[in-house]
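Chain lettering (A, B, C, D, E and F) follows the sequence in which the chains are written, and residue indices restart at 1 in each chain.
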Amino acid sequence: MTPCKRVEIIIDEPLLRRVLAVLDDVGAPGHTVYRNLTGSGNRGTRRGDELTGVFNNCCVVVACEERMAMELAEALRPVLKRSGGMCLISDALWLRH
Amino acid sequence: MTPCKRVEIIIDEPLLRRVLAVLDDVGAPGHTVYRNLTGSGNRGTRRGDELTGVFNNCCVVVACEERMAMELAEALRPVLKRSGGMCLISDALWLRH
Amino acid sequence: MTPCKRVEIIIDEPLLRRVLAVLDDVGAPGHTVYRNLTGSGNRGTRRGDELTGVFNNCCVVVACEERMAMELAEALRPVLKRSGGMCLISDALWLRH
Amino acid sequence: MELGLFLTNITAPPVLFFFLGAAAALVRSDLEIPQAIARFLSLYLLLAIGFKGGVALAESTWSLTMLASLIAAIVLASTIPILAFFLLRRRIGTADAAGIAATYGSVSAVTFITATAYLDLLQIPWSGHLVAALALMESPAIVIGILLFRLYGPRDTAVALQWRELLRDAFLNGSVFLILGSLLIGWISGPAGMDQLAPFTTHIFTGMLCLFLLDMGILAARRLEELRRSGAMLVGFALLFPMFCALLGTGVAWLLGLSEGDTLMLAILAASASYIAVPAALRLTLPEANPSIYVPMSLALTFPFNIVFGIPLYHQIIQWL
Amino acid sequence: MELGLFLTNITAPPVLFFFLGAAAALVRSDLEIPQAIARFLSLYLLLAIGFKGGVALAESTWSLTMLASLIAAIVLASTIPILAFFLLRRRIGTADAAGIAATYGSVSAVTFITATAYLDLLQIPWSGHLVAALALMESPAIVIGILLFRLYGPRDTAVALQWRELLRDAFLNGSVFLILGSLLIGWISGPAGMDQLAPFTTHIFTGMLCLFLLDMGILAARRLEELRRSGAMLVGFALLFPMFCALLGTGVAWLLGLSEGDTLMLAILAASASYIAVPAALRLTLPEANPSIYVPMSLALTFPFNIVFGIPLYHQIIQWL
Amino acid sequence: MELGLFLTNITAPPVLFFFLGAAAALVRSDLEIPQAIARFLSLYLLLAIGFKGGVALAESTWSLTMLASLIAAIVLASTIPILAFFLLRRRIGTADAAGIAATYGSVSAVTFITATAYLDLLQIPWSGHLVAALALMESPAIVIGILLFRLYGPRDTAVALQWRELLRDAFLNGSVFLILGSLLIGWISGPAGMDQLAPFTTHIFTGMLCLFLLDMGILAARRLEELRRSGAMLVGFALLFPMFCALLGTGVAWLLGLSEGDTLMLAILAASASYIAVPAALRLTLPEANPSIYVPMSLALTFPFNIVFGIPLYHQIIQWL
């Protein structure tokens, strides 16, 4: 089992493709997406009840090495600054199979 | 990046609004909700196949400071005691944008 | 609050029942399942748009003691080797209610 | 029971699809209906039955019997949970007894709808205001169940009763609201409205009911195994208590001089048990009651019993009277 | 306004179901329609209205008026956002003004559809090519809104405009694509195609619209409280600007000599504001604009105003001309 | 091929909606149908076609040809995967060859349904028992594919074959179960049942098929790019092998002396490839086979080929015989 970083990004669902583009740019080894989330933060309540998903959140989880996690965080900062969202990074062990 | 606690609460979907009320009371800075979960624990299997969501679980994630996390945990304890559920707390770094 | 391990398993949705069988075998105290996930990894993009869920991922979260987490990891290894997927293990505190 | 009515009932497509769903779950087929679709179908059925009832109301003249049967419905829905509670309390504890009381005091819209399909097949008329009775009977038992738990339950229940929340969950829950609202809309728009909506609310109705009962069959059969933990006493209760309630309903209808169709509808309302409105409300206001007890009883025993045997059986009894 | 048209409108089942949904949300009932179902209903409505328009096109003869009204539609859809932007810019900032401009320049398919149901009820004919106008009017305002923000917004907007993405989001978004595509299919397959699809696209149409408007009522009422933060000025805008646009549309239709039905449809297109295509596109291309401002205005004020008062009011005005 | 049949086919609304969906995906529109809705539509189609077939069975007299064609169907469904496996095995490895064998040995209900819509349009009759053939042909190829992999695959496959699970996944999967069950229900309830359900299962059928094919168009076109990685050989296989199977099916039907409609249906069953039942079962029992190979072949090539060109082409060939 290898130590790694678990990066967790919460963002508006319409902006998902922008985050995935950032992941591509930094060369993330993979990702998992959780959709149809709701929540609340600085920009108020997101009830997720619009027809278009414009008030839905989604969560992208990326497991990667520390160095890439930092790079990813920097690349995400402007996206999050412009349109809100949250990014958490924590430690994990990755089961190599 | 600021160190923070990541609080993760699994509870019956109908009880979500009660948990959100607790979050309001302790003044949590935000939260994210995952719905339509299934699972199993002390109270048996929750298949999530009822029409009403009465056998669905949901997950509330809150990122906050350590002190608030502890406060939150104490405030949640009676709710979880009365109707079951799970609460995990872990460490994370919060990307400030 | 008790220290514990948080095991997070990402796997194809059709294979969920196999993972749940493994959890049963090692005697995990409970689990939570997130469905309808998408993602990408070594085996390419999983868009989750098939009728059958054959390109959907799901996530199983298990909170348990360290020893059981290691046992679980070993039991999961052949399943993941055969059909792909990801397993992360991290530290958490479990609120005993 | 004569075989005729029974055969008519179980060879109707809706009931056959219920069997099909149950069979799928029993042989562990992966046949499954997405939860969103099941909710859609149930919303559709409530809307359609409410609208139909409202149009029927608009076409009928008001009478004292109508008012009397609505009052009788409320009285039935308030008496039955009290009976159930005192029957069960000593045996299974106050919380679960209160949960079951609320479940059996309330009603099942789908059982009602299946009975209307049965009557329509036999071309026996029934009155639109019974849809109002259906809606009025959903809520009282919830409040009564909670009150019984508060009165007879453990003294140390720390959490104060939130009346506002309780009443809202009981009287404004989605299914009550949708039925009553659609009833009102049907009533306002009358036969002209029916001309516009008939293809949606009437023509495809039986088909949508089939699809929904397919899902109910799956859900009911899946819960069967949970019943083993409940014990024989509760299984007996789930099969016999509805029959007793049906007799009660029949008796009341007989006193009021209701027609054949209306008597059957009142009997089936009394006999049916909720598995939608009640569990949703109880999870919040009575979390001490175990849903793995009252939901399987209502969904896996009483519901199938009523739609397969109950409807023709109660009908037979009414014909004998 | 005469009471007749108004009453005809608000006693039609679709509008009544909108009220029912709004009432459910206001009393905080848990009545809710799953998001997947709401999307299904909206896809259905777009497909059905597109197909219907296409078949109508196949049956009609081409004329210059047709072409002229399509061009007029595009001109309207390009002028209205510019007017809106300069009306609001100084008061609420460039980003939000651009967002509102895009919202009000674009159109609402459901408002259009509700108006067709109203006309069908009164048996007033309207032309199939207005469905094409509906589709053509959805996109221009999005591009114009973005351009206005780029021209008048803060200089330091670091991120370069991604034209490709913008144009795709504007002109190829799902609802535009589905309406235009279904129109084409209706046109190709003509009355023969209609014979095959009529039960699906026409007979159950009003019923599906009722269910969808029930959901719209819930969504609209839920957003009402967000309006408090927007202030009286924007509330006034959301109610008065559509009326002004309706007059504009009516004037243009009058110049072109359109029929009564077509004039009302053009007026309602001008008056309606988008809450589906526009928010989805703006979240990506104009994240600086706050969706909690433009969505509630369009969804909780303009939409209900148009379907409840606007349709009969504009109709009345047209009849006076 | 004469242009007539081909034109009849591609101007039918269902096929046009398939093109529309494919176009939406190719231009990267965000048009999308929620997964729950797609599942609902597919459940609906299976239920409706099964029920229709059952009613047809109830109305027809039993004959030896019927039995013979059911046996022929099973033989076809068992032979085709073996042919496919040995054709491919040396070129792409045992696991993927077994996966493709299972896929092409099994059948596609939607292709079958589209063919019935085509025949109904031309008013050519076909027999209800072919719906039973459809259901019977879904499963055998799954078992045969797995067995071929076990026989010819790597010796060290540590995991023991779980027969119980395999047989359940093959023979009791949701779509087989729903078709056979609905067939049975249609058979039991007969024309009387059809009177009740016709608006649901027949009248709106073509419309629901259109919506579903819209989604299939989106899904198929999205998978097109994955084909590039599969190579020209597999692309050729996905287009030519179905034609060969159609000839095989036609030959068998000719030997049995089937009618024009029934011959086409058997040909299309042989030619079609599964993308629902098979992938779901294979992920569990043959995870070594890459679904990114067999799903795109079946969904993005064989399925469109069959519904656009195949149906009229095979029909033409049958008419020439």
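Basically, a residue touches a chain if its C-beta (ideal position, glycine included) is under 8 Å from a C-beta of that chain, and two chains touch if they have at least 3 such contacts.
Remember, it's a predicted structure, so these values are computed and weren't measured experimentally.
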Contacts common to chain B and chain C (chain labels): A
Intersection of the contact lists for chain A and chain F: C, E
Smallest number of contact steps required from chain B to reach chain F: 2
Rotation in the CA alignment of chain A with chain B, degrees, nearest 5: 120
Rounded Å distance, chain E centre to chain F centre (Cα mean): 40
Centre-to-centre distance between chain E and chain A (centres being mean Cα positions), rounded to whole Å: 34
Two or more partner chains touched - positions in chain B: 34, 36, 90-91
Chain D: positions in contact with at least two other chains: 34-37, 39-40, 199, 203-204, 280
Set of all touching chain pairs, with the criterion as stated earlier: A-B, A-C, A-E, B-C, B-D, C-F, D-E, D-F, E-F
Sites on chain A touched by chain E in the complex: 12, 14-15, 17-18, 36, 43-44, 47-55, 78, 82-84
Complex interface listing, chain F residues touching chain E: 11-13, 16-17, 20, 23-24, 27-37, 40, 121, 199, 203-204, 206-208, 210-211, 214
Touching residues on chain C, where the partner in the complex is chain A: 8, 10, 34, 36-42, 57, 59, 73, 76-77, 80-81, 85-91
Of all residues in chain A, those that touch chain C in their complex: 1, 4, 6, 29-36, 63, 90-95, 97
In the complex, chain F residues that touch chain D: 34-37, 39-40, 43-44, 47, 51, 168-169, 172-174, 177-178, 181-182, 184-185, 188-189, 193, 196-197, 199-201, 203-204, 280
